[in-house]
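Scrolling down, you'll hit the structures one after another.
Each of the next two complexes has chain A plus one more chain, namely chain B in the first and chain C in the second.
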Partner chain A sequence: MSRLLEIDDLRVTFRTRYGEVTALDSVSLHVDAGETLGIVGESGCGKSITALSVMGLIPQPPGRIAGGAIRLQGEDIVGASPARLQALRGAEVAMIFQEPMTSLNPVFTIGSQIAEAIMLHQNVGADQAFKDAIALLDRVGIPSPDRRAHDYPHQLSGGMRQRVMIAMAVSCRPKVLIADEPTTALDVTVQAQIFDLLNEIQRDFGAAIVLITHDMGAISEMADRVAVMYAGRVIEEASADDVLDFPQHPYARGLIDCIPALGRPDHRLAEIPGVVPPLHLLGAGCAFAQRCAHRNDRCDREKPSLVNHGRHPVACHGAEESRL
Partner chain B sequence: MDSQPTQPQIAAQSPAREAWIMFRRNVPAVIGVILLVLIVGATLYGSLFYQGDAFSIVWAPHEPPGVTPEFPLGTDYLGRDIVAGLLTGGGPTLAVGLAAAAITMVIGVSFGALAGFYGGWVDNLLMRITEFFQVLPALLFAMVLVTLFSPSLFTIAMAIGVVSWPQTARLTRAEFMKIRELEYVTAARAIGARNRRIIWTVILPNAAPPLIVSATLTIGVAILFEAGLSFLGLGDPNVMSWGLMIGANREYILDAWWPVTFPGLAIFFTVFAVSLIGDGLNDAFNPKLRER
Partner chain C sequence: MTAPLLDVRDLTVRFALPKPSLFAPRPHLEAVRQVSFRLDAGKAFGIVGESGSGKTTTAMAAIRLTRASGGQVLLDGEDLLQLDDEAMRGKRRDVQLIFQDPYSSLNPRARVVDIVREPMDLMEIGTPQDRLDRVRELFELVGLRPDQLNLFPHQFSGGQRQRISIARALTTNPKLLVCDEPVSALDVAIQAQILNLLADLKDRLGLSYLFISHDLGVVRHVCDHVAVMYLGKIVESGPTDALFEAPQHPYTQALLAAAPSLARRKSRGYVRPLKVSGDPPSPINPPPGCAFAERCPRAGDICRSTPPELARSGAVDIACHFPGPPEV
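Right after this comes the complex of A and B.
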């Protein structure tokens, strides 16, 4: 049986003034129904480009899918026609954006925006769609939804707006829900509520969730499996517990050490020195080498590939050698 | 599900109705509406209460206003009644203004929306065409068009529309280029909206405020333009208009101020009323200015 969503050796390039740079390099991921895949990494490591590729929303040009496949229920959507992509978006794959403040159209009421999403994919009248929208608002925990449906986005708080975004995203019961840093713009107490809501929605609708985040706390709360990305590549992939407890790649270890621990005043918060290198300056070796404490000559010469050296797949020469 | 007693409906109104409620509270806008209704009413039904033919010579020339009770605003250089001229001339003036503004908006918004949304070669092509029209001196070009197609209300409105749309196209393009990049446009794409839908139902409503203002200004400009063409003798000679009155009497302005002043005031109040209404519409359709 084929996977619900399978990304296979995906390569995405962008034309820039430095020439063509590779934003995603041989990325392979998959997610099954009812499962949550977490994608973690710093800004600029390719998380959002992965999400946009799945949605078919890479701006082309300058972007280009240079190779690989994205299969949704076995159907390759890389070469799909624009009309087919339009039919899939919203209906089969939906997306929740990072900024609930700016992701809603300011001139329409939230009820009419959800109703519009419903009418795009389902053959229902405007009245029925609006009723469905109110039911969805109720489902995502908006109090007195029949009145709130007539509110404009600016009349709602950030958490409420993100709930509206979720209602819109699940309005057509998509099989895959991509959440691109859904809680980054929200405060911590609201974050937990949104995660609870996403978990509930997943239970009800049986959707697969791809959670994109840089927050390891979110990963431990939500994800079943985790892919760690760095400079456009997947560098480690395993179950969430495995990655959190036994990270193999120095970068993954670094990300986990960056989580502040409460009640341990002696604990010095770690950091990963440096930044993600600009994509046009990537050399032949490991992209993380300049920031890595364990680098050796081989790291500068040769790009490590994602191989299982014992516990789970990791792309690191150091991890390979320590196992040998 | 609906068995509960219905709660007081606070916001359960259509957007148009809410906009109307907002609009009603806006005093200048309401003044604008009253003014425009008076002007339009006078031009439509004024002849029922005030008999008089705008073209016939009825009295001595240059009779000052307020001297003879039959001609409250006096007579022009030929001895024609100015009140009759204002009442008959208003309809064509307003019609040309509205029609020209409509043509301007239709061409300008279409060009600007497509250019701003698609960018690339579409933008290049449409903007080069726009620039071609933009570099022609507007009045001269309109004069050429009017003389080419013989002056009538329709050709005058067309000519004004054809020379004034480039500004609207530029404005629309800039708004579209700005809004195109916003996140809610990507979000609309992500729920499966087509380009056509995104252009007309997502971006255009958000680009509307400056366009509404521009449309009302265009009505004013078009009325003035028509006056200018008539002033130059390129109006339709068989149809009385405020511009024609000003044009015909301009040579005697030092001897008699009233034949040009009253049509001028009529144009001023019309443009003023339309601008007030435009501002009011702009505020009424902006949800952020509504009371919570």
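Right after this comes the complex of A and C.
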């Protein structure tokens, strides 16, 4: 089966004052039509850089795609011309950003902003595009869309703005929709509405969704498959059920156990000590070793690679030696 | 029965709005409407709600950082709202605050040792040497190293900064710590570290928390008693276990249904049972009846005309005309 989006051994580096650091290190991921891939990890793990790479939005310089391929329906978009990327963005792959207020232009009405996206990619006139924009606003659940289309972003609530972003992102029926923490700025009830909407849209359009989040709860509700990232590498990848029920990597376990659950009786939360190390301080060994309760000499010396040690692929020496 | 540490009665906060015209009466917005709750010493009281529900305003008014327009706030039996400014300054020793954003609540140009010491300087507690010893002691208590004393805030991570905020709040030996979304700005893994620290401090120092959060899981973990607010009013309040296990108010039920949980799996075809559409109404012109009526699956005619009163029902207090378990 051909993969809709396939990231193959991607390596992205950034020039910093500490020298060149590797933000993504041999990342391989794929997503098929109608599927939701969750990418989970703390800030600084490379989730957003992965998304920006696919959109061709890595600032170059200081960033550089140092190796690997990103194939969209078989076409490698690493090194594609800016014009080609422009044609793909929006039409084939679209992105929903974290903060809808800063991603919408404050001086244009939301209707005209959606219409602009439609006119860029489809051969329609301004009137038709605006009508399409109203239909899309209706589709994403904005009440009285013909009136709301003339509103400016500041007149809408956070949840409404995120709906507008989604309307804009799906305006050209992209095959891949990347949602980068689409609900972090929103209340739980609104987050639930947005999640439900993304699921509906997926059913209607058959789009593949890449959901980037730090919340294992969101993964549980939304994702079919999960990739756990840490310090620029994928450290565990499997179906959502496998990762949630049988997490192999100590980091994945930590992410699941540290969530204060709604239905569990009181007990101490598991914590992952320390923080994600800065990229320029990554040594030769496993990036998680400093925070890991199961580290040994080998973890300090040698980077584990993503290999299946029985259940599903995981990058951990401890899992390989079955001593966790 | 012992007197509670904090007893808030009919607290109301009203903000003035701009006049629509020169001779029109000035309209007001009631951000907090007759909120009452009690917090016992050594316990944690949680306030949950969506943004705009008035949870932060309630807490700020209770400790006089926002001016209340009515009601009483009894701390150890003394009404804070009636104190003159100088007496209130003295009382501030007993009440300290942790803010949501550890990036903007620490002075970027001050060394952290000075940041943590400053409350003691202002309150003139002890000698300078005592103060420094106290800072060292607190640094250890919150899990920071003494060699970090002379660093600046930007040299710390978000979780460490929140630890600094906690150390600063503890310098005056407060009885009550108001935590305004203390972990919402942090990554989940770091969030667990701070929540565990807060739980330890509560046990070791006998602290009481007034804990504000929109995250139900966090509140469940930290708090002994929870109040759910909606548009400036408490709609349901009770012991944490009772409220989470058998919520009676449809809004509480909707909040719980909306919170992501590991138990809900896409693979098992999970579909949210209780959907709440739309946004809360505007507090400038609140509806005459129940504020939640427009979004409520159970609302009847009486809900749109008559506001429900908060009344005891089993273990919880609830303001709803049709309380009960969710219909499936």
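Criterion: the second predicted complex is superposed on the first by the 318 of 324 C-alpha atoms of A that agree within 3 Å, B and C clash if a C-alpha of one lies under 4 Å from a C-alpha of the other, contacts with A are read in each partner's own complex, and residues count from 1 in each chain.
The rule we apply is simple: contacts are C-beta pairs under 8 Å (C-beta built on N, C-alpha and C of every residue); 3 or more make two chains touch, one makes a residue touch a chain.
What you are looking at is a predicted structure, and each value in this text was computed from that prediction instead of being measured.
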Practice task
State whether chain B and chain C clash or fit side by side on chain A once the two structures are superposed.
Solution key: fit
Exercise for the section: Tell me which partner A:108 touches in the superposition: chain B (first), chain C (second), both or neither. Expected result: first
Practice task
In the overlay, answer first, second, both or neither for which of chain B and chain C A:165 touches.
Solution key: first
Problem - Which of chain B and chain C A:258 touches, first, second, both or neither - result: second
Fill in the blank from the handout: The answer to whether chain B or chain C touches more of chain A is C
Practice task
Considering only touches as defined above, state whether A:151 meets chain B (first), chain C (second), both or neither.
Solution key: first
Exercise for the section: Report, please, how wide the angle is at the C-alpha centre of chain A between chain B and chain C, in steps of 10 degrees. Expected result: 80
Handout entry: First (chain B), second (chain C), both or neither touched by A:8
Key = neither
Problem - Touched partner set for A:193, first chain B, second chain C, both or neither - result: second
Practice task
Could you look at A:32 and tell me whether it touches chain B, chain C, both or neither (first, second, both, neither)?
Solution key: neither
Practice task
Report, in whole Å, the shortest distance between any C-alpha atom of chain B and any C-alpha atom of chain C after the two complexes are superposed.
Solution key: 11
Practice task
Go through chain A and flag every residue that touches chain B in one model and chain C in the other.
Solution key: none
Completion exercise
Listed in rising order, the residues of chain A that touch chain B in the complex are 55, 57, 86-91, 94-95, 97, 99, 102-109, 116-117, 120-121, 135, 144, 146-147, 150-152, 154-155, 165, 168-169, 171
Practice task
Could you pull out which chain A residues touch chain C in their complex?
Solution key: 36, 42-43, 141, 143, 157-160, 187-193, 195-196, 214-218, 220-224, 239-241, 244, 254-256, 258-263, 266, 268-273, 275
Problem - Complex interface listing, chain B residues touching chain A - result: 1, 7, 9-13, 15, 182-184, 186-194, 197, 201-202, 205-206, 208, 285, 287-288, 290, 292
Practice task
Quick one: which bits of chain C touch chain A in the complex? Just the residue numbers, please.
Solution key: 50-51, 157, 159, 187-193, 195-196, 199, 214-218, 220-222, 244, 254-267, 270, 272, 275-279
